[in-house]
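These are the structures, in structure tokens.
In the two complexes below, chain A is the common chain; its partner is chain B in one and chain C in the other.
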Partner chain A sequence: RGPAGRGMAAAAFERRVLRRAAEHHYLRVRLELPDGGARPNAAQFKQLVVTALRELHGEVGAALPVDVLTYEEKTLSAILRVISSGFVKLWSALTLLGFYQNRRCAFRVLQTSPFLLALCGNSRELVLD
Partner chain B sequence: QNVLAVCFSVGYSAVALNHVIDFKEKKQEIIKPVSPSELFPSLPIVQGTSKRIKVLTRLTLVVSDPSHCNLLRSTSANIRLYDIIAVFPKTEKLFHIACTTLDVDLVCINVTEKLPFYFRRPPVNMAIDRGVYFELLYTPAIKDSTMRRYTISNAISLMQICKGKVSSQSKNKPLELRGPYDVANLGLLFGLSEGEAKAAVSTNCRAAMLHGETRKSACGVVYTVKKPRKAEEEETAVPACKKAKTQV
Partner chain C sequence: HPALSRRYVLCEVVSEDPRCRQCIEDRALGLAVRDAIARVHGDYGLACCSISFTGAGETGGPGGAGSLQVRSAVRVSLVVKYLNAYTGTVLLRCRKDSYRLLCSALPFVRSLESRAQRYPCFLNTLHVGGTIRTCQKFLIQYNTTQLLRLLQNCTNEEERQCIQKSLLSCSLTEEQSQSGDEEEDDGTE
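Then we have the complex of A and B:
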């Protein structure tokens, strides 16, 4: 419970402390497709992620609960959410994916975090002068 | 050059340009390495720090015959110009020699085929004691699913024996390159623990680089031992050794 300010109206806020490990992990990824062909839309992107999981980890991997939270077709970047126990599987599947519809492609994982808020700022893109 | 640009953008802080020499063809001479400053007039800065990216040169020798190793022992001037030397043994005897006596920094393991020899613990342990690291390519795993199976099975058997003293390597095309954290994650797949997986990309690679530097610089060491004698005899107490080459 928040403390009452001296002479000010007491603010009511609640503090929650989470001791367990986070339930979901979030990844910001970008798909690189250098040849200027048709870009996948959101459904095809999800299909690609599930295919990658199936190729590396089989049916059990493909059944992993992965959600595409946002997807931008212009930059081919997306934010994925996966359950924490499947995080290593998803990341390794994305790393080892080589082809999309027989076109060479590569997944670049830009940021990962157990908290969605942490994905909004990327310290690697800071320019230090 | 494209590949290097991608390397930099993905977040590596040191890159080694590899030059492969295969001894099956005749008349292979070791040429001088391409100096990195010729390729890049100014190296870009590592993401998130203010240091520039290091570009080193590296030589890989594909040996299938013991006579090829003589080249390493001869003090050919051009070999000394390379920062890192790696050897790729094709037979079990050569693997043993490479781990125990050869003056190299890395031993490459071929992952794309079923290995013609099994790893045995004694030479591997000797290699680790000397500071030689083992190296795996991860690019075949990206291309093809049969390659992927071989890569993973060979990597797992390597990990079981060498307890994780491994560094990793990639190959030619820019799209086949993966970022350092991605590769560390792959280490988890191969059976390393999290700390070992990250070390495989960072600490072990740096140790191999430093091993290469010590190989280039030190020929011998001079040390003075203070013996409990009278003062005039202390000056003659320096043991006769070669002088260390001073690094500019």
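Then we have the complex of A and C:
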């Protein structure tokens, strides 16, 4: 907020702080399948995410609006979008998923952000020479 | 004592099949509610019901080698505290942190099963209270209004006389252990 204005002129600036105003959260995830078997396609990947939600959080979890924005079959990495109120449920469900078609698997969450643009750069993968 | 806060959910079992009455027992109902929570809220919801009040979560999983457990989970947080098979009233207890899970899963209880018989029914939530006493006070008031409504909906004179007689004859007596509302049973059946 600008200066309290006790006898001063009109405020020169105004600052607004919005907490938790983002509607969606974005996650960049990678699925690890250590055995070199067939890779899931985009639809199977989404089915896997929904299955993970259903196991941990039931029908309510499976009904969360989750979208797979991009998916690369070669690297098994994807960008997911979820409504902010379901962010904790999604991340916990991905963490606790252990099997894909009876094969051992694991989800690695690389980046998360309420803004999609923030996912384009990852300072952890920065190589400093 | 803030650590032991509980919520008591009062509901009634409504069924079109009169044989469903015999299914209303604590084990069958407890299993049906737990099953509904497991379907709607998954493993997380089931764990919220199985956690005990002491804080250390006791899971009913298979014990270590050689330990034989007679009952799977001795102390759980979701408990059926009171049942009345005649009126179909059920009082459930749960932790304050997870009572919303329970309340949202109650509409998904669609049938009760006992002794290999399954009857369709549904649960109507009447009241959520913090203590058994508040739920009892609500139940007394609710039962009196229900009796009056039954009296108005009577179809023939004989039922009307029956209900009037039972309404006028019931009273709260000090020497009995149960309070007056449990003595009233429906004149119509």
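Convention: the second predicted complex is superposed on the first by the 108 of 129 C-alpha atoms of A that agree within 3 Å, B and C clash if a C-alpha of one lies under 4 Å from a C-alpha of the other, contacts with A are read in each partner's own complex, and residues count from 1 in each chain.
What we mean here is this: a contact is a pair of C-beta atoms (placed from the backbone, for glycine too) under 8 Å apart; a residue touches a chain by one contact, two chains touch by 3 or more.
The structure displayed is predicted, hence computed values, not measured ones.
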{"item": "Which superposed partner A:Leu97 touches (first chain B, second chain C, both, neither)", "value": "first"}
{"item": "Of chain C and chain B, partner touching more chain A residues", "value": "B"}
{"item": "Partner chain(s) touched by A:Val88 [first = chain B, second = chain C, both, neither]", "value": "first"}
{"item": "Contacts of A:Thr51 with chain B and chain C, given as first, second, both or neither", "value": "neither"}
{"item": "First, second, both or neither for A:Val60, with chain B first and chain C second", "value": "second"}
{"item": "Chain A residues contacted in one complex by chain B, in the other by chain C", "value": "55-56, 92"}
{"item": "Residues of chain A defined as touching chain B within the complex", "value": "32, 34, 55-56, 88, 91-92, 94-98, 104-106, 108-109, 112, 123-126, 128"}
{"item": "Of chain A, residues touching chain C in the complex", "value": "53-61, 92"}
{"item": "List of chain B residues in touch with chain A within their complex", "value": "10-11, 45, 47-50, 141-143, 145, 148, 173, 175-179, 181-183, 185-186, 188-189"}
{"item": "Chain A partner contacts - residues on chain C that touch it in the complex", "value": "37-45, 104"}
